[in-house]
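Got some structures for you, see below.
Each of the next two complexes has chain A plus one more chain, namely chain B in the first and chain C in the second.
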Partner chain A sequence: MYYLGVDLGSVSTDLALVDKNHNLVEKIYLKTRGNPIKAIQEGFKILKDKYDEREITAAGTTGSGRMIASAIMGADAVKNEITAHARAALEFDKEVRTIIEIGGQDSKIIIINKGIVTDFAMNTVCAAGTGSFLDRQAERLEIPIEEFGDYALRAGSTVRIAGRCAVFAESDMIHKQQLGYAKEEIIRGLCDALVRNYLNNVGKGKTILPKVLFQGGVAANKGMKAAFEKELGFEIFVPENYSMMGAIGAAIIAGDQVKKTGKTKFRGFKLAENNIFSRSFDCDGCPNRCEVVKIYENDNILGYFGDRCSRWTGKTNEILGLRSG
Partner chain B sequence: MKVGIPKGLLYCKYHPFLVTFFGELGAEVIVSEDTNKNIFDAGIKYCVDDACLPVKIFHGHVNFLKDKCDLVVIPRIMQLWKNEYICPKFCGLPEMVLNNLNGLPPAITDPIYATSWKNLYSWAQKSGNLLGKNNRQIKVAFNKAIEAQKNHKTGIDDEGYEIKIALTGHPYNIYDKFLNMNLVKKINNLGMGIRTAEFTQEDILAREADNLYKRPFWTFVRENYGFALNSAKEKKVDGIIYVSSFNCGTDSVIIELIKNGLPDFPFLILKIDEHTGEAGINTRIEAFRDMLERRLFNESHISTLG
Partner chain C sequence: MKATFPHLGNVYLGVKALFDGLGIDYVIPPQNSDHALNIGTRHSPDEICLPFKIMIGNYMQAVEEGADTVILTGSCGPCRFGEYCELQMNLMKSLGYDLKFIVLDMPKDIGIKELFNRLSIIGSSSKKSRLQKLRAVKTAVQIMHLLDETEALAHYLAGYERNKGQCKSLFHRCRREAMKCSDPQEMLSLIKEYKKRIEYVPVDINKDPVKIAIIGEIYTVIEPYSNFCIEDKLMDYGVSTKRGMTPSWWLKNMALSPLKINSLDIKKASRKYLSLEIGGHARECIGEAILSWKEGFDGAIQIYPLGCMPEIVSKSILPAISRDYDFPIMSLVVDDMTGEAGFITRLEAFIDLLERRRDNVLFGS
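Moving on, here comes the complex of A and B:
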């Protein structure tokens, strides 16, 4: 008996299976590569070979693609990333007071007191300093992203990089590179800049108390962890499954939900083989001209997304059996 | 004569006055449509890049009207209260619009000092004269416009929700459904009721602001700060959501003042700009609701949607 959690993020799609005691039994980490539907299908193919779909007694989704994920797989809980991350972190360590989470396009800070989220903040409309920017810099410097952190740790000294904006940071990095600074030093400078930016922006006005957990894909970067520790002056912890925390949280929340409803909405692994595709169209109902996406499974319509009124999404909620909104 | 009135910026608050005044003067009043994709796109295309989103959208509304009227009203609102001002962008709004858009009809751009009826009347007189009306006609239209404005009530004060939040920010960011991606409905759909500043009396807003180390220079600062602090202190709401357009100068001051004034009160800032993808804004509101739910009811229950 397992609970399935799917974190459909901008850069990665993570699937986690937990048992009824909330221990992680399976984790799958895939790149979303701009195609969220295909990413889930790929994940389900892997699960299908190892598990029977009847073993899945609850399913939850999170991440920026949580609605589309729930439409195609059937979910008992569709939960925002903040709540999902906090739930998983508290399961991992009851003493946690602060969660630093940096993902593909978001960065977040979550403040916890006595096991309850008491405050949180996210980056504003701008995605500077998140995982996708680090990815891009790694690519530009031709360093595998996995080794990015090691480069930073090898640096003897640091180079000052502008941290306010990703575009500013990039031009500053190029200028420094053209002056002859070593890659290692520039990368360490970049980590320092991102941490500075995070603390001044996302973390502004928040008291960061230990114990701090560092989660999300960027937590893989040892240079970022070191830069945070230097800036904060104490040790921060990266949970073993740092990149899976959203998916684990979604699975646990779904498990709680099914305890109440008694029955899961999960539709099984069959979607791995089905032909799932989307078509988008401009709605002509009013001058807003919303771009509506229609998701098909073979010949059936699974749902609609993207309208501002509920002309189309209302139908999705009917199909999914969710309350409106 | 056709008089065009753009449905942008403070139109949401002062439309009864503007529409009645020009209507009573015998003009055919043409109001632009609710903000939609075309207006939004045109605003972004024609406006200078540095302006905030509501100012860009205002450009879109004027653009919509430019071939449909003989005279367009660009309210240069300077003051609503004595010793304080609205926002620097309002002072220069006509210059921005007239220089960014081509082929405009003549425009009414006289400054509006609405600190008293008498001061407001001087704007009405100039505008009326432009339409070729005499003082008596203008006076009649003006009085009817004032009456219409007085009888018009705006604001939201929802009842029957378990959780209630104060929705603060500039009125056009709160009431323009296109610009804020239907924020009011989103909040309601997540089970939260809304209270807006209009339901707090002016003297209470002013009293809160009197506690600041100096009198606020901007009217928006006094109103939003006073409303946020009063709502929290008198426990009228469980949390505050501040909707702010990216780049807004006055908001950068207000938000810090509110944070300082209410260090432990749940406070969510929603920044909006040209984005139309809604995932980011949904995540923030949903997480805020979850947080309030758990703070208020302190139960293990986490709702399943959102």
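Moving on, here comes the complex of A and C:
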């Protein structure tokens, strides 16, 4: 008996299986590469070889692609990333007060008091400091992203880099590079700048109390962890499955949901072989002219979304499991 | 004269009734859409706030349909809205449009004589008698009040309705039907009829829905296009909402402000945190946050366009209110970004937060 959680993010697609005591038994990490449907199908192919679909008694989705994921796999819970991350973090450690989550496209701060979320914030119009930016800089400096953090830790001193805007941070870095600073020092400077940017923008007006958990893909970067600790003045913790927390949270929430409804909506692993594709069209019902996406499985329509008035989605709320959690 | 005006929520219905009653030729710009925003963004200064851009889109689309005069309310207030009319006049002129602007400012700014002067330009193109004109204004004001009441009722009852989506679809049908009326009296009785129908929507009084107050900058809270139809979305989620900022509130506030007896409850509530008028509706935002806490709401959502000065001030005050009253408040900034994924995530997470808080208070955890 397992609960399945799928975190369909902008950069990565994570699948997690937890048992009924909420222990992680299987984790799959895939790159989304702009094709969310294929990423899920790939993940299901791997699961299919190891598990029987009848063993999956609950399924939940989260991440920016949670709606499409739910439409194609059938989910008991479709939850936003903030709730999912908080749920998984509380499972990991009941004492947690602050969650720092930095993913591919966005960063979040979640404040928890006595086991419930009391406040949260997300980056608004700026993506500086998120995983995609670090990825790009690693590529530019020709350093594997996995070693990025080690470079930062090796630096003897730091270089001041402007962290407010990703574009200017990059020109600042290039400038410092041309002045002859070592790669290590520049990378450390970058980590410091990103942490400053995070605390000033996302963490603005929030009191960050220990114990702090650092989650999301960027938590792999030891340089970022060290920079946070220096800035905050206390130790922060990176959970073992830092990159899977969203998927784990979705799985646990789905498990709770099925306990209420008694039956899962999960449609099984068979979708791995089916031909699933989407078509979009401009709705001509009103001047909004929403771009509506239609999802097909072979010849059947699985669901619609993207319209503002629910002229289309209204028909398929069942499939999409809107707010079923 | 073929008059037009920028969109603001349901104001177009009130103005339609007014012009129909006065017998003045008019163009209602097409409903706000990505297309209107694209036109506006292309021609507006980059740093200007979102309402300006959408309004420029409205004008240009209306001109295509033959409009030659824009009727706009003004304010010589400290916020950028005070400069909208001048900026827009210049902008439209430099783009080669021969468009006349009639700006209705407050008497204290332009003098009562000038206001009557401007009103008489509109009035002179109507062939109706003075009595008929007064009657047309009265009916239009009645319609605006009734529409706002009906909308507020639909937003509130959406949390209690037995058949999901009934309030929302009734209100949208009301708007569509009202648009078809050519006679103001007919529109008035139609809206009355719909209000009654929404009043009689089957509700479950035992339900205790999450209740959220919508506060913030007046344009972005009233105009659904600019805030990703947040109130419709909250209705879908079964949340009861309340919004103090409405066109009819604005009318009343304007009419009473020379006597300084406007919005006394808001002024009183906000005094502790913001005792001055700083432009825009910052004081109203603060006051409403506190009033909605007093009325037992679970939380509030503040919406404002990027770069809105008064709301930036209130945004930095809201965390103090949140802390002092233990009242969650979320701020949402809107700009010309049309991707709504991040927006929905925040909205859902906020509702989750309010629900969980409540469970915790009721049962402990």
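For this structure, a couple of remarks:
What we mean here is this: the second predicted complex is superposed on the first by the 317 of 325 C-alpha atoms of A that agree within 3 Å, B and C clash if a C-alpha of one lies under 4 Å from a C-alpha of the other, contacts with A are read in each partner's own complex, and residues count from 1 in each chain.
Methods note: a contact is a pair of C-beta atoms (placed from the backbone, for glycine too) under 8 Å apart; a residue touches a chain by one contact, two chains touch by 3 or more.
Computed from a predicted model, the values in this text were never measured in an experiment.
If you put the two complexes together on chain A, you find that chain B and chain C bump into each other. Using the contact criterion defined above for the overlaid structures, shared-chain residue A:Thr118 touches chain B and also reaches chain C. Applying the stated contact rule after C-alpha superposition, one finds that A:Arg289 touches each of chain B and chain C. Residue contacts after overlaying the shared chain place A:Gln257 against chain B, while chain C stays out of touching range.
Of the two partner chains, both chain B and chain C are touched by A:Arg308.
Touching more residues of chain A than its counterpart among chain B and chain C is B. In the superposed model, A:Ile145 makes contact with neither chain B nor chain C. When the two structures are aligned on the shared chain, A:Leu209 is found in touch with neither chain B nor chain C.
When the two complexes are overlaid on their common chain A, residue A:Asp76 makes contact with chain B while staying clear of chain C. The superposed model shows chain C running into chain B at a single listed stretch; among 165-173, 183-191 or 237-245 it is 237-245. The intersection of chain A residues touching chain B with those touching chain C, taken from the two complexes, comprises 64, 79-83, 106, 116-120, 122, 124-125, 205, 286-289, 308-309, 322-323.
Here chain B touches chain A in the complex through residues 33-34, 36-38, 177-178, 181-182, 186, 189-190, 246, 259, 266, 269, 271-273, 275, 279-280, 282-284, 286-288, 290-291, 294-295, 298, 300, 302, 304-306, going by the rule given at the top. Of all the residues in chain A, the ones that touch chain B in their complex are 64-65, 76-83, 87, 106, 116-122, 124-125, 205, 253-254, 256-257, 286-289, 308-309, 322-325.
Chain C meets chain A in the complex at residues 30-31, 33-35, 165, 172, 225, 228-229, 232, 236-238, 306, 316, 319, 322, 328, 333, 335, 337, 341-342, 344-346, 348-350, 352-353, 356-357, 360, 365. Contacts from chain A toward chain C in the complex involve residues 64, 79-83, 106, 114-120, 122, 124-125, 205, 286-289, 308-310, 314, 322-323.
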